[in-house]
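Below is one structure, written out as structure tokens; comments come after it.
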Amino acid sequence: MVTYIIRRLIGALLMLAVVSMVTFSIFFVVPRLAGVTATDFANRYVGRAATQETVVEVAKKLGLNDPVVVQYGRWVKGIFVGSEFDYGSGVEHCPAPCFGYSFVTKKPVWPDLLDRLPVTLSLAVGASIIWLLAGVAVGVLSALKRGSLFDRGAMIVALSGVSLPPFFTGLIALSLFSYGLRITAPGGAYTPFSENPAEWAYNLILPWLTLAFLNAAAYARLTRAGMLETMGEDYIRTARAKGLKESTVITKHGLRAALTPIVTIFGLDVGILLGGAILTENVFSLPGLGKYATGAIAAQDLPKIMGFTMLAAFFIVMANLIVDLLYAVVDPRVRLA
Amino acid sequence: MSDNFLDVKNLKVHFPTDDGLVKSVDGLSFALDRGKTLGIVGESGSGKSVTSLSVLGLHKGGRAKISGEIWLDGEELVSATPEHVRRLRGKKMAMIFQDPLSAMHPYFTVGAQIIEAYRIHNKVTKKVARKHAADLLGRVGIPQPDRRVDSYPHEFSGGMRQRAMIAMALSCDPELLIADEPTTALDVTVQAQILDLMRDLQRDFNAALIIITHDLGVVAELSDDILVMYGGKAIEYGSAEDIFERPEHPYTWGLLGSMPRLDREPTERLLPIKGSPPSLINVPAGCAFHPRCAFEGRTGGKAGTEVPELAETEGGHLVRCHLPREERRAIWANEIKPNLESA
Amino acid sequence: MTAPLDVSSEETKATPEAVVSGLGGAKAIQGRSLGQIAWMRLKQDKVALAGAGVVIFLVLVAIFAPVIVGWFGHPPNEFHQEMIDTMTMRPKGGSGISSEFLFGVEPQNGRDLFSRVVYGARISLLIAFFATMLSVLIGTVMGIVAGYFGGWVDAVISRLMDIFLAFPILVFALALVGVLGQFEMQLGVQGDTLRILLLIFVIGFFNWGYIARIIRGQTLSLREREFVDAARSLGARGPYILFREILPNLIAPILIYATLLVPANVLFEAALSFLGVGIQPPTATWGAMLSAATKYYTVPHFMIFPGMAIFITVLAFNLFGDGLRDALDPKSNR
Amino acid sequence: MKKRTLVVAASGAALALALSACGGGDSTTTPTGEAAPAASAPAGPTGFNAGLDAVTNPSDKKGGVLKMAVTEDWDSVDPGDTYYGMSWNLLRIYGRPLVTYNPAPGAKGRELVPDLAESLGVASDGSKTWTYKLRAGLKYEDGTPITSKDVKYAVLRQLDKTTYVNGPTYFNDWLDLPKDFESVYKTPDVNTDQAIETPDDQTIVFHLNKPYAGFDNFAALPATVPIPQAKDTGIKYRDHVLASGPYKFDKVEQGKLYTLVRNDQWDQATDPIRKALPDSYEITLGVQGDDLDNRIISGDLHVDIAGSGVQPAAIASVQQDPELNARADNPIAARTWYISLNPDVAPFDNIECRKAVLFAADRTSLQTAYGGQLAGDVATSLMPPGIGGWQKIETYPSAGSDEAKAKTALTACGQPNGFETTMTFRSDRPKEQAAAESMQQSLAKVGIKLTLKGFPTSEYFTAYAGKPSYMKENKIGLATNGWGADWNDGFGFLSQIIDSRTIREAGNYNLGIKDPAVDALVDQAFAELDTAKRDALWGQADAKVMEGAYVLPAVYAKGLLLRGKGVTNQFITGAFDMYDYLALGVE
């Protein structure tokens, strides 16, 4: 078990390394192939008032003329030991883990990311609880009442749910509930949980529901399918043959097995979500990681994009690992080797 | 009312599907007493498994339409409430399933699954139930039962799983035990052990035992009576001796011909039955077996038009065939038996 | 299935009729191919057929957009500012819906919303279809190669899949569209053509991992099947086995997942357009229209028509895809 | 370049809105719903546009929290590193430049008044030398006295454009700096007295490399807000700006929140222009635009710092709701939205082809594209009307288009059937997108086919529209653009965009007019010491640009601003064309 975890952790690190290399290439190598020069890069970092000499100087200071490998090496080194950035008025220290230093905002990226994380975390945790509960409940009921009016209705709603883009449902919800009826918070409102839990929930309820609706629909479909499959398994028949009550058969034997894959998918989904619910955060103007990322992309703030990508990839890779470990706990057949 | 411990009368189990009505079991009757063993034999799709499930009332998961009568120890089960049947399941009647790997829940230990079965019908503490489970495991021949109680099904070998499955079925001392292909998933040597075990247990428990199989070899040594099913119907029903020594149905002959026997040379070829089991939706008109029957031509054209009756040929030996009795016996004696034995 | 073993000559003589009639019987029962069975099932699935109907309708709308707009609308980029209240920038009378403007007009510039929604179908479907084809192509090749050859090839490709699945895809697509947009000179294409190609590439390129995973699994199990062994024992070589023996058996899963990938790609394209990296204006896309509608949340028709267009398209494909899966893969209960 | 109007930094979602700042009163387009007279009206005017040239809800009541908000972060609160108009306006509550704009409504707000200095600058040496004397008793929030050396340091410090990338470069361009001076950090020991002298702690003397009669406009730049060298932490100074004004920073959460509280070291006796009414300021950043509007409407917030106007959704509400309408002001800004024509790209190297565009463009449609009547008046010249020397130029249509003349021009250009060209716009600015689409529609009518190409604002000037080589290589003929005055005179508006000597390789805002006649007029205007004559020269330069058809002015920007509930002394200052932030108070 321990060796397995260690091996997986090393694998995860390697994976992150590859992700970082690919990301780095896309943003620093590919544009060069298109003829973008070091000074063009530097142009992004200087203000509009900068003269050409300033631009050249900045390019030099940032080492933008160095070979890409050297630049990448510098970036990696920064993660472990921190980096120094010389921007003229002194040397700015970007402590480890230094995932980059934004020359647009003149700030290290990492604290910014940490700053945005609680918002995304709030959104992800709240929404995922709602969609897990709602999706599984509806899915189980649907499976048990297969072919009934409820089943058909629920599945139509679920299929609609997965067919509705969150930026459409979000917009409708905002204009209906926030701006029309004024019963929910308008876009952009966020209060940290530590400040005022009630307000935190009030502000997030609409984003939660919007995000949860989409996923609840998908989970209802998954749960229903899994439940139908499980209830057709031989061991369910065995359980019935023992004379177990149907309710026990469903909850103890059926749900347990049907939920295992759902839980793992759930883990992965939450992992992906922690890296930023881009569409939801943008629709509701929530200052989370997803909004941060789109902002960074719009500003072509490469250090931010790099930092964000690494954090998001980290969550995904860790979610994979945790899900695998979890699976081993839930399903005794899985052996970690 | 019935005198037999188990008496199934004109049982019909039909499943309406999008493609039509599937007549899985179509007018089946048989009887069985305590301490006796009935073998139900047939190819997959012949309705043998559905029969056993409907006795336990487990067919209702689907949209099955069931009619006829099932008398168990003086109680009629088809018309009984599902709840009543449920209370009987596991206690009065139990089932041993084919492929114990999929029939046992992968997430629970073997012990837990036996304990659960026991505690449904017996108000005992977990501790007591656990002791009982370990005893049962020991009884079915699992070594170190106290330790293996906490093993998961996948940690058992195929034979051990089947033993555990049997232990689970026996947990409440059932009076009727149905074993559905209990040895199919096992190695030949293990098959023999399991069959021995079942024979011993049946003797100890004095239960009525139904063994369902596609392999006549399995029931050969175990059964008192044998019921051969084809297309949802019984086509031959008699004592084990009748079926093995004096089979009268061409299908039974085919089964006998395809039965691997230890007393034969391994180089020898088996006699397969050509073709596939009939579709249960579009059962061939007339005798369901006639498209595959080598002797269909000798029925005078009745085979394709008339459904033959299950008729008594002599003393409790029933056969459903258009061929005249004498001709059947002649074919058996002259054409089939020598072929089977020659080799 | 007919028993594979053939009997010796005497035995054949003994039961000649049985052989013939048995085969005949088998034929009558088994005669339908998988395709035919699937089609039969599909024919009975009213919901899936409705989905297919809508899909065909949408494709026709996309193809004949100029004709339809010619009959019922105005050129999609034509301004009708006479329809706009120049104080509030809103359509006069709220939405401008009339027999002339079936879906009303856009705020500010008064373009015919009906025409733009109709033209939006072109971009949406074009990109979704081709991106799907790209994903399926890459995914199938990668999946087959990984599954068939196994070993280090499988290891490398599987790792690659993991990496692709570990990327925050939307962010990457967003960024990549921007980065690749700089290749205009090198690629020699520009305007909508460039953008469409770019979006097809980006969307298609990031979605192959999932399909590859499925195809790999299928190939792995097919590889061990008898008919492949048989072909191999007859001296068939890798490529032959891959394309003649294995690929045909993968058509069902490929078809199912391709059909289900199309709606996902419609959503993906809409998301990219919504986030502002889609096709350049003034070309109409549903996502971009929704994005523009965010500023006019008090003008509901502006968001409802393009939003519903996305919804109906995606729903239709999902219904059809679900039906297709049920038809081709009867085991699934979804 | 010119003072930026804060634009919601386009978060990909293209939610940005580019309304301009605002300018002096113009009431020709006063909309419906005139002034609903308030029942419990306080003294002072009320109603639509009441804040344009009068103080609304005047009061001297002290106390309360003034709640302000802005949609996104701004460049910096460091006075040496900011170029947003709102920031220049607001920073005066915590920082005091040598001189500043009179906190008074309308045109009076453009008058310069001494702030740190006892009086406006004293010129000598033919306006090449400017002397200021600081008031007595000035102190920072930590109690240390403010000296002229701090002002000098502050000015020199922000010359380092590698560190302070945001601010303007006027001092870089005009101070008589020694050759070996690079920055206060790199060359701290170089004697800079030839540029700025501080003979004593109260006196500061600026030496220019060429005469400039309007130097007080420079002295009013945030760059003259004093910073003691000992407290300079470089770029981190923005985390704690040392207050010289009546308020000091309390909480600083970059990108999120600033709170300012009273600076007890500030002495009202040294400051004749600030009333310092509220007890504190609460400034929230990153508030979503529509939310911000709604909160101002409800009274939850007092002021939208950006001062560029409400979002489209609220524009409709203001139109429909008389009560809201009475709280709105619609000032015109010293800012023009225009479309530049690139004379480096064929066929725009031919003046007739340029003229064809100017005739064919539908002005009414463009006005609507830029947001309609409330967002701008149709422009007839590059220079906006609030600036001295402005004249209405009637060569081109001021409504609709003139297709006949456009066709004539096309024929004269040798392209009677029109031509094809490309137009760029900022893809995250819906108004510019609409303008580009409008151009595409109206030019098509005379056969000019436009291909539109959007680029994100963040790179628009660094890599695309502001990079002449890119524009030329990709044959981009037209580009949307906008320009606002740093201060309201011809110098403040025109010099950076029409003088061919300020063309840059990247980050270029210059129109690329390489017309010696225009450059000559600019030189003349620089040298002219008489204000009236100088204004006239700028007016001529403006006319010359239009004559050459180098630019298609679209609209003079206007913003629809809402006065906050319970806010006192709210009025539009002509200096920034938004509400003045020095005088505000809370009821």
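Remarks
To keep things simple, chains are lettered A, B, C and D as they appear, and every chain counts its residues starting from 1.
Keep in mind that, in the parts below, a residue touches a chain if its C-beta (ideal position, glycine included) is under 8 Å from a C-beta of that chain, and two chains touch if they have at least 3 such contacts.
All figures in this text were calculated on a predicted structure; none of them were measured in a lab.
Across the two candidate interfaces, A-B and C-D, the one carrying more C-beta contacts is C-D.
Across the assembly, the mean Cα position most removed from that of subunit B is the one of D. With each centre defined as the average position of its C-alpha atoms, the distance from subunit A to subunit B rounds to 54 Å.
Averaging Cα coordinates per chain places subunit C and subunit D 49 Å apart. Between the Cα centres of subunit B and subunit D there is a gap of 92 Å. Across the assembly, subunit A contributes residues 179, 282-283, 294, 297-298, 300 that each touch 2 or more other chains. Residues of subunit C in contact with two or more other chains: 174, 178, 185, 274-276, 291, 294, 297-298. In subunit B, no residue reaches two or more other chains under the touch definition.
Residues 39-40, 43-52, 54-55, 57-58, 61, 87-90, 92, 104-107, 179, 186-189, 282-283, 285, 287, 291, 294-295, 297-301 of subunit A are the ones touching subunit D in the complex.
Touching subunit A in their complex are the following residues of subunit D: 1, 9-13, 15, 73, 75, 83, 160-169, 183-186, 232, 234-235, 254-256, 286-288, 290-292, 294, 313, 428, 456-459, 461-463, 466, 504-507, 509. Across the complex, subunit A is touched by residues 159, 162-163, 165-168, 170-172, 174-176, 178-180, 182-183, 185-186, 263, 267, 270-271, 274-276, 287, 290-291, 293-294, 297-298, 300, 303-304, 307, 310-311, 314-315, 318-319, 322, 332-334 of subunit C. Every residue of subunit B that touches subunit A in the complex is listed here, in rising order: 53, 56, 58, 61, 86-91, 94-95, 97, 99, 102-107, 113, 116-117, 120-121, 152, 154, 168.
Across the complex, subunit C meets subunit D through its residues 77-79, 81, 84, 86-90, 107-109, 174, 178, 184-185, 190-191, 274-277, 280-282, 291-292, 294-298.
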